[in-house]
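For reference, the structure is listed below as C-alpha cells.
Think of it as A, B, C, D and E in the order they're written, each chain with its own count starting at 1.
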Amino acid sequence: MEALAILLSPLIAFLLIGLFGSRMGDMASAVLCILGGAFSFLLSLWTTSKALSEPFAVKLYDFMPIGNYTLTLGLYFDALSSITTSVVTFVATLIFVYSVGYMKELFGQWTFKFYAYLSLFLFAMLLIVLSDNLLGIFFGWEGVGLASYLLIGYFHTQKKASNASLEAFTLNRVGDWLFLFGIIATFYLFGTLSITEIFGKVQAVDKALLGLACLLLFGGAVGKSGQLPLHTWLPNAMAGPTPVSALLHAATMVAAGVYMVARLYPMFENSPQSLKVVALIGGLTALFAALAATSHTDIKKIIAFSTMSQLGLMFLALGLGDKMGAMFHLTTHAFFKALLFLSAGSVIHAFHHHLYEIYEAGGLKRYMPATYASFLVGALALAGVFPLSGFWSKDLIIATAYHVSFLWGVLTSVVSFLTAYYIFREGFVLFHGEERFRGRQEGEPHESPGVMVVPMVLLAVMAVVAGFFEGWYGGVLGVKKELHLDIALLSTFVALSGIGIAYLVYVRGFVDPHRVYESLKPLHTTFREQFFTERLYHNVLAGGYLFYSKILYMTAERQLIDGLVNLTYPTVRSTGSLFRTLQRGKLNFYVLSLSFSFLLLLALTLLWR
Amino acid sequence: MEWLIFGFLSTWAVLSVLGVLFLKNPIHALLSFVSLILAVAGMFLHLRAELLAGLQLIIYAVAIVVFYVLVITTIPWEKVKRFEGFYKREFLAGFPILLVSFALFAYAILKGSFAKVGLEVKDNVKEVSKSLFTTYLFPLEVASVILLTAMIGAILLGRKEE
Amino acid sequence: MNWNILIPELTLSLGILLVFILDLFASKKHYRTLLYMSALVPVFSLLSLFLVQHPAKGFFDLFEVSAVNLLGKAVLYVLTSLSLFAMQDYYEKKGSVYTELSYIPLVATLGLSLLMSSANLVLTLLSLELASISMYLLVSLFREEYLSKEAGFKYLLMGAVATSMFSLGSAFYYASTGSLFLKEYRDENSLFTLSLLLILSALALKASAVPFHFWTPDAYEGAPTPVTGYLSSAPKVALYFFFVQLLTYFHHLKQWLLLLAVLSLLSMFYANAVAYVQRSVKRLLAYSTIAHAGYFLLGIATVESTLQRALLFYVSLYAFASLGSFVIMSVLEKKEGFSHHLLDYKGLYKEHPVLASLFALFLFAFIGIPPMALFVGKLGLFMGLVETLLLPLAFAFVLASILSAGYYLRVIVLMFLEEGERRFPPARVSVGEALTLLLCSFLVLLLGVFPHLLYDLIRL
Amino acid sequence: MELLLNLAIFLPLVGAVAVALVRKEKFAKVVSISLSSLVFFMVLYLFLNFNWQAQGFQYITRLEWIPSLGISYHVGVDGMAISLLLMTALVFVSAFLWSWKVEDRPNLYFALFLLLETACLGVFSALDFFLFYLFWEGMLIPMYFIIGLWGHDRKVYAANKFFVYTFFGSVFLLLGLASIVVYGYMMTGKLSFDYTFHLGFSYPLMLQIAGFLLFGLGFAVKIPMWPVHTWLPDAHVEAPTAGSVILAAVLLKMGTFGFVRYSLPLFPEASKHFIPLIFFLSVVAIIYAAMMAIAQTHIKRLIAYSSISHMGVVTLGTFAMDLNALNGAIYMMVAHGLSSGALFMSAGFIYDRVHSYHMEDLGGLARYVPKLAVLFMLSGLAGIGFPGLAGFVAEFLVFLGTYKNFPLWAFVAGVGVVLSAVYFLYMYKRVMFEEETLSEYRLEKWKHLKDLETHHTLSFLLLIVLAFLMGLYPYPFVKILEQTSKYVLGG
Amino acid sequence: MTIEKAYMLISIFLFLSGLLGVIIRKNLITLLISTELMLNGVNLALVSVDRIVGGIEGQVFALFILAVAASEVAVGLGLIVALFRLRGYEGSSEITHLRD
C-alpha cells in the first residue's frame, strides 16, 4: 500500500491541483505539489530500506488481455528501482521547493498549472522507475514526454517555447515509436511483458531477434535521453523554466533512457551487438555534445549540452558493460546537474528572466555568493574533481572505457577535459570578470531568496557526499568495484587541466577568447550548430516534410484524386450537353435519328451471330 | 401477265410515292397520295383482296382525303409557301440510311421462310367478313371506340375556342 | 363468350358511357362533379376485378386474364383514379376546363387495360392505339396553349411511326408464324427476328427507351402537368406487364437479350447524362423516366421469375412515385408565373415545407434510397441479374444509378439548401391532389417497408 | 433484454417523429437529450449484462418480416456491436448536449439527429442484410440535410459530394449483398437475407473475391480508405459541429464495422487474398493522410485527415488476421469515436467563438479559454494514442497483432504514431499557443472570449471520461471483443 | 421470287418511303401523309403475306389498320388546325419550341 502511495501521492497532487488549482491559488498548489513530492520521497526511503534486503513486487490490476496472456500492471521494487526512486523524489522535491521562489514573480497568472505539470511529471517518472512491465514503463515514458512538452512550452505565449516543446515531443515520439515496437518484439520473444519474467527467459531466446528488440528499445532511450541522432530537442528544451530544465532535462527524465537500459540490462547483456550500438551512440553523443557545449554562450544550453554529454557517457558505460558505473553516474549526475541548473536559474531569476547570455553577465560572485558556491560545487563535481561525487562516478566509467579499449578511454578523457573546460568557462564568465550587466537593468542583482537557496545547498551537499556511497551502491547492485588509482590520477589531471585552461582564458585573460573563437570561426560554427544537425532537422527534415506535404496536398490530393472526383460532374455534364444536341425540337431530325438507330439495330439483329 | 400487271402497278406506285415525297405543293403531294391509294387498291385487287381494295378506296380515297382537303381549304395558302418542299440535308442523310435498311429488309424477306397455313380461300370477301365478325369481333368493337374517340378528339381540337 | 373475364373493362366502359352521356347534357358548371365521378369509375373496376375468374381465356382466345395481369390492372386503375383526382383543380385554376377530360383518361385506361390482356397482335395494336390516341388528346387538350399542341403533334407523329412499325412487325410475325395470335415459335427465321425488332422498337417507343425516346421530353414538357403524371405512370405499368407476357414468346431468340441490353444501356446512360443539362424540372423528370425505362428493360432481359417480379414491383411503385412528383409539380404550377425552371424551385422548402418534403421523398425514391419502395425493386433487379449471371448489366445498372443521384440531388439542393429569389403567391393543394399525394407517398413508403404486400401478389 | 435493444434502436425514431411534429424548441431539446440519455443507459445496461464468454450473438430478436423474400427483422449484438452501440449512444448524448444552443430550425435539427441515431444504432445491431442496408442508407438522408442545412459556406458542394460518394459505395455494397443472397438461394433453394444463415457457407473463391470487392468498395468509401477519401474532409469542413462529431465518431465506423462483420467472416479466403492490397492502402492512408493533415491550415480539415489516418490503422488491424490486431482494430473504432468526437467539438467551439477555422486567424487561445485548452489537449492526446487514453490501447494492440505476421508493415504503419503527434501538436501550437504572434486587434478580441459553457463541458466530459476509462482499464473492454474476434477469424 | 414477294418488297419500299417522307417533308400535312404512306406499305405487306401463307388474317389486320390510320389522321389534322389557330400556320421546322 505504501509502495502504491509513492506513486499516487504526486498523482493525487496533480489531480487536486489540476481540478481545484484555480480556486486554491498558486501558493497552495505549490505547497500541495511539494507535499506530494516530499511524501513520496519519505515513503520511498522506507521502501528502499525494505527493497534492499528483499526485492518485492506490487500487483495493481489486470490491465488487458493480449491473446492468452494477461498483462497485469504492477510495481517492482529492487535496489535499482528503489534507490532511483529515492533520488528522483529527493531531487524533485528540492526542485519543487526551489521553484516556489523561482516562479514567485509569475504567481497569479495560473501558475498552479506549473505545479500540476510538475506533479504529473513526477508521477510519470516514478511509473517508469517502478513499473514491473514494459508497458507500464511505456506509460510513464509517454507521460514524462507529455509533462516535458507541457513544461517546455510553459511560456506558451512565446513562439520559441512552443516550437521547442513541439520539437521535444516529436523527437521523443520518434523514440517512442521504436520503443513501442521494441516492446512488441519483446513480447513476441518472451510471451510476456513483465520484466522479472523476461529476465528469467533471457537466455533461451533467439539472439538475433533479441538484438533487434534491444535496439528498438534503445531507440526509445535515444529519443528520451537526447542522444544522437534524436538530440536537437534537448538544448531547445531550455526554453522552459529553469526548474524544469533542472528536473526534467538534467536530473530525471532524460536519464530515464539510461535507467531503462539499465533496468533491462539482462536483455542487453545477452545481445552484444546491441550493446555495441549503445556504446557507439553514447560515445559519439558524449563527444559531440561536449564539443557543442564549448561553443555555446547560453547559460542553460551549455549545461544542457553537458547533460547530453554526460548521458552519452552513461550510455557508453552501459554499452561497455558497466551498468553500475552508469547508474551511479546517473545518480550523482542528478545531484550536481540539478544543482548547476538551479544555480543558473538563480542567476536568471536575479535578472528577472531577462538574461540568458553568459557574456551579458559577469562578476556575479560579489552579489550572489551562495549561488556562486553552489555553481562551483556543481561544476567541480561535473568536472570530476576529487573528492566530489562526479569524480567517483566518472572514474568508474573512464576506468571501464580504458579497460575495454584504449580508444574508448581516450574518448572519455577528452570528454572529461572538455567538460571541465566548458563548465568552468561558463562559471568564470558568469561569476568573475567585469560586470557586463550594468546598464541593462535597474538595481543590482541580488541573491535569491531562501526558498531557492536551501534546495541548492542541500543539493550541493549531496553533490559533494554522494560519491562516497559508491561502495555501498555497488554493493546493493551486486557489483564490486575498486578505485583505479592510475585512472583516477589521469582523470583528475585532465579535469584540472580543463579547469586551468578555462581559468587562464576567462579569469586571467591570458588570451582573448573572442579572438580565439573568431579565428577558429568555421570550427566554432560547426560546434555551435551541433555539426549542423539542428539545421538539417529543422530545415531539411521538418521543413521538407511540411513542404512536401503541402506540395502533395496541392497536387496529389487536390489535383489528382479530388480533381478526378470533381471532374466527374463536368464530364457527365459535357457528355449530356453533347447528346442534348440530338434533342433540338425538330421533328424531322428526331425521326432521322430514330431511323438511323433503327438501322443500326436492324443490322445488329440480322447480322448478329 | 401477272408480272406485267405487277410492273404496271408498281411503277405507278413508285411514281406516286416520288410525287408524295418531292412535290413542292402539299396539294400536289396529296394528289399523288390519292394516286398511290389507287395504285395500292389495284395491288390489293391483284392480290385478290377485294374487300380491302374496296375499303381502301372508300376509307382512304374518300374519307381521309376529304379530311385533308377540308383542312387544306381552311388554311390560307399564301402563308404556307414558306414551308413547301423538303429538307435537302435531311434527305442526303436519310436516303442512304433507308437504302441500306431496304437492303436489309429485302435480305430478310428473301431469306426468311414463310409459314404455310394453306387455307383454301374461295370467297375472299366472305372469309374475311366471317373472320371479322367472329374471331375479330372484339377488336372491331375496340376499333369503333378508337374511331369514336378520334372523332371527339378531332372535334375538340379543331373547334374554335370560345 | 366468356363475359366474366371482361368485367373490369365492361365496368370501365359503362362508366365511360355514363360520364360521356352526362357530359353531353351537363354544362361546364358540373365539371368538378363529372371529374370526381369519373375518378370513381376505376375504383368500381378495381372492385370488379375480384369477380374475375382466372386464369381464363375468351373471345376466341384473343383475351386472356391471369393473376399477374389482373394485378397490373388493379395498379392501373388505382393510378388512373388518383390522377383523375389530381386533375380537377389544376385545369380549373388554369382556366382550361373541358368536361371531356373526365372520360378521355378513362378511355386511355381502357386501352391499356385491354393491352395487358391481349393475346393477339390485332388486339394489341388496337388497344395500344386506343390508349395512344386518348393520350395524344390528353396531351394537347390545354386551352390556348401552343406548347401543348406542339407536344401533342410530336407525340402523335412519333406514335404514328411506332404504329406502322408495330404493324409491319405484326405482318412479319404473321408471315413467319402464320397467325396473329401470340404463341410459341422456335425456328430460326429472319422474318421472325425482323418482327421481333419491329415490335420491340414500337413498344420501346411507347415505353420511351433510347433511341426511341425523342418524343418523351417534349411531350412531357408540353403536356398539362397532371397529364404528364398520368403519361409517366399508367402506360408504363401496362406496357411492362405486357412486356412480361411478350417475353415468353420472344426470349429464346438470341437477339432478344442483345437488343434489350443495348436499349437499356443506351437509355440509362444517355438519359442520365442528358438530365444533367436540363433547366426544367419537368424535362428532368422526363429524362428520369427514360433512364428508368432503361432499368426496367433489364427486368425482361431474360426469363427469370426473380427478375420479372422485381420489374413489375419496381415499375408499379415507380408509377406511384412518378405520379406523385408530377402532381406536386402541377400544384406548384398553379402559382402565377411559375414555370418549371430549376430556379423556380429555389427555396421551395421555406414556402411549402410539406410539398418540398414529399417531392424530396419521391426524388430519393427515384435514386433508390431505402426505405422507399423503389429500392426493393432495384434490389430485386440486382438479385435477378446476378442470378442470371448478367453481371455486366448489373454493373451498368449500378453505375447508372450512381450517375442519376446527381441530378435528383440538384433539385433537392435547390428546394432545401438554397434561398428563393422569386416570390410566388402561395399555391393551395386541393382535396383531390392531397389525396393523390398522400396515397402515393404512403404506398411508396409502406411498400418499401413491407414490400411483400405487393410482392407476394406478383405470381408468375 | 431483447426488448431493450429494440427499444434502444427505435426510441430515437419515435422521438424524431415527436420532435418534428411538436414544433416547440424547448421540447425538441429536452426530448432529444433525455431520449438519447435513456438510450444510452439502456445500452449501458445491455453492455454490463453482456455475457462476454458466450459465443455468438446475444439479445437476439427475430421476427418474420418479408417472408417471401427471406427477409426477417433480426437484430442482435456481439461484443463488437455492443461496444460500438455504447460508443454511439454516448456520442449522440454528447452531440445533443453540445447542440443545446442551436437556434436555426432546432426542431428539424434534432429530428434529423434522432433519425440518424436510429440508423446508426440499427446498423450495428442488424443481423439481416436487408435490415442492415436499410439502416446503412437510412443515415444518408439525415446526414445529407444536416450538412446541407446547417453547414458552412460550401455546404451544398460538401453535402452533394458526401451523398453521391457514399451512395456510390453503397450501391456496390447492395450488388454484393444481392450476389451472396442469390448464391445462397441457388445453393440451398432458400432465399434468405439472414446474416447467420450465410455465415455457414463457404463460397467459391471467385464469388468470394467478387463479394469482397463489392462489399469492400462500399465499406471503403464509408471508412474512408485512400484513395476514395476525398469526400470526408469536405464533409467535415462544412458540417455543423455536432454533425462532424457524429460523422467522425459513428458513420466512419460503419465501414470498418462492415469489414469486420461482413467481409472477414463471409469471405475469409478472399480477405487473405487481398491482405497486401488492404495493407498497402492502409499504410498509404496512415502516412499520406498524416501528410495531408500537416499541410492544412483549416483545423477541421486537419482533424478530418487525422480521421482518415486513424482509420488506416483500423483497416490494418482488421486484416492482420490476428486476434489481438482485430481486437485492437475494434477498440480503435470506439476509441477514435471518442477522440475524434471531442476534437471536432473543440474545433466547433473555436468556430463558435472566433468564427474562423483557419490557423492564421487563431493563436494564443490557451490563456483565454483554459477549459477548452485542457479538454482540447486531452482529446488530441486520446487521438494520437497517448497511454492512459483509449487510443493507445487500440494502437498498441493493432501494432502488436500486425507485427506478428507482418512485422515490416506494422513498423512502417507505426510511423503514424509519430506523424499524428506532429500534426496534432502543430495544430495545437498554432491554435492555442504562440500568443506573441497575435495582432493587437485579435488580442483585444480574445480577452472577451467566453470559455466553455456547462453543456459544452458536459458533452466533452462524457467522451473524455470514457476514453480515460478505456485507456486505464481496458481489460473488460478487450475481453468483450474476444469472442467476436475469434469467430470473425474463424475459430 | 414470286410475285407476292415482289409485292412485299414494294411494300417495304412504301414503308421506308413514308419514313423518308417524315424525315424530309417540311409541311405538317405532308408529314401526316407520309405516315399514311407507311401504313399503306404495311397494308400491302399484310395482304401479300396473306397470299403467301394462304390465310385471311392479314387482310383483317389491314382493315383495322385502315381504321387506325383514319383516326390518327383525324386527330392529327385536328391538331394541325389547332396549331394554326394558335400561331398562324407553322411549318414543322418551326414547331421547335419544346427542346432541350
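As a working rule, a contact is a pair of C-beta atoms (placed from the backbone, for glycine too) under 8 Å apart; a residue touches a chain by one contact, two chains touch by 3 or more.
Computed from a predicted model, the values in this text were never measured in an experiment.
Asks: From chain C, how many touching-chain steps at minimum until you land on chain D?
Replies: 1
Asks: Any idea whether B-E or A-B has more C-beta pairs in contact?
Replies: Most contacts of the two pairs: B-E.
Asks: Among the chains, which has its CA centre at the largest distance from chain A's?
Replies: Taking each chain's C-alpha mean as its centre, the farthest from chain A is B.
Asks: Average the C-alpha coordinates of each chain, average all protein C-alpha coordinates together, and give the chain whose average is closest to the overall one.
Replies: Centre-most chain by C-alpha means: D.
Asks: Once you find the CA centre of chain B and the CA centre of chain C, what distance in Å lies between them?
Replies: Here the centre of chain C sits 31 Å away from the centre of chain B.
Asks: What's the distance between the Cα centroids of chain C and chain E, rounded to whole Å?
Replies: It comes to 26 Å between the two C-alpha centres.
Asks: Go ahead and note the Å separation of the Cα centroids belonging to chain D and chain E.
Replies: 64
Asks: When the centre of a chain is set as the mean of its C-alpha atoms, what distance in Å lies between chain B and chain D?
Replies: 70
Asks: Send over the residues of chain C in touch with two or more other chains.
Replies: If we look for residues of chain C contacting two or more partner chains, we find 122, 126, 129, 133, 136-137, 140, 144, 149, 152-154, 157, 161, 172, 174-175, 178-179, 190, 193-194, 217-218, 274, 277, 406.
Asks: Enumerate the residues of chain B that touch no fewer than two other chains.
Replies: Touching at least two other chains: 87, 90, 93-94, 98, 101, 105, 107-109, 114-117, 135-136, 139, 143, 146, 149-150, 153, 156-157, 161.
Asks: Identify all positions of chain A at which a residue touches two or more other chains, and write them in rising order.
Replies: 580, 583, 585, 587-588, 591-592, 595, 598, 602, 606
Asks: Dump the list of chain pairs that touch, please.
Replies: Taking the chains two at a time, the touching pairs are A-B, A-C, A-D, A-E, B-C, B-E, C-D, C-E.
Asks: Per the contact definition, I'd like the list of chain A residues that touch chain E in the complex.
Replies: Its residues touching chain E are 580, 583-588, 591-592, 595.
Asks: Can you name the residues of chain B that touch chain E in the complex?
Replies: So the residues of chain B touching chain E come out as 2-3, 6, 10, 13-14, 17, 20-21, 26, 29-30, 33, 36-37, 40, 43-44, 47-49, 51-52, 55-56, 59-60, 63-64, 67-68, 70-72, 74-76, 79-80, 82-87, 90-91, 93-95, 98, 101-102, 105-106, 109-110, 114-121, 124, 127-128, 131-132, 135-136, 139-140, 143, 146-147, 149-151, 153-158, 160-161.
Asks: Note which residues of chain E are touching chain B in the complex, please.
Replies: Going through chain E, the ones touching chain B are 1, 3-10, 12-14, 16-17, 19-21, 23-30, 32-34, 36-37, 40, 43-44, 47-57, 59-60, 62-64, 66-75, 77-82, 84-85, 88-94.
Asks: Flag every residue of chain A that touches chain B in the complex, lowest number first.
Replies: Interface residues on chain A, with respect to chain B: 588-589, 592, 595-596, 598-599, 602-603, 606.
Asks: In their shared complex, at which residues does chain C touch chain E?
Replies: 121-122, 125-126, 129, 133, 136-137, 140, 144-147, 149-154, 156-157, 159-161, 163-164, 167-168, 170-172, 174-175, 178-180, 217-218, 221-222, 274, 277-278, 283
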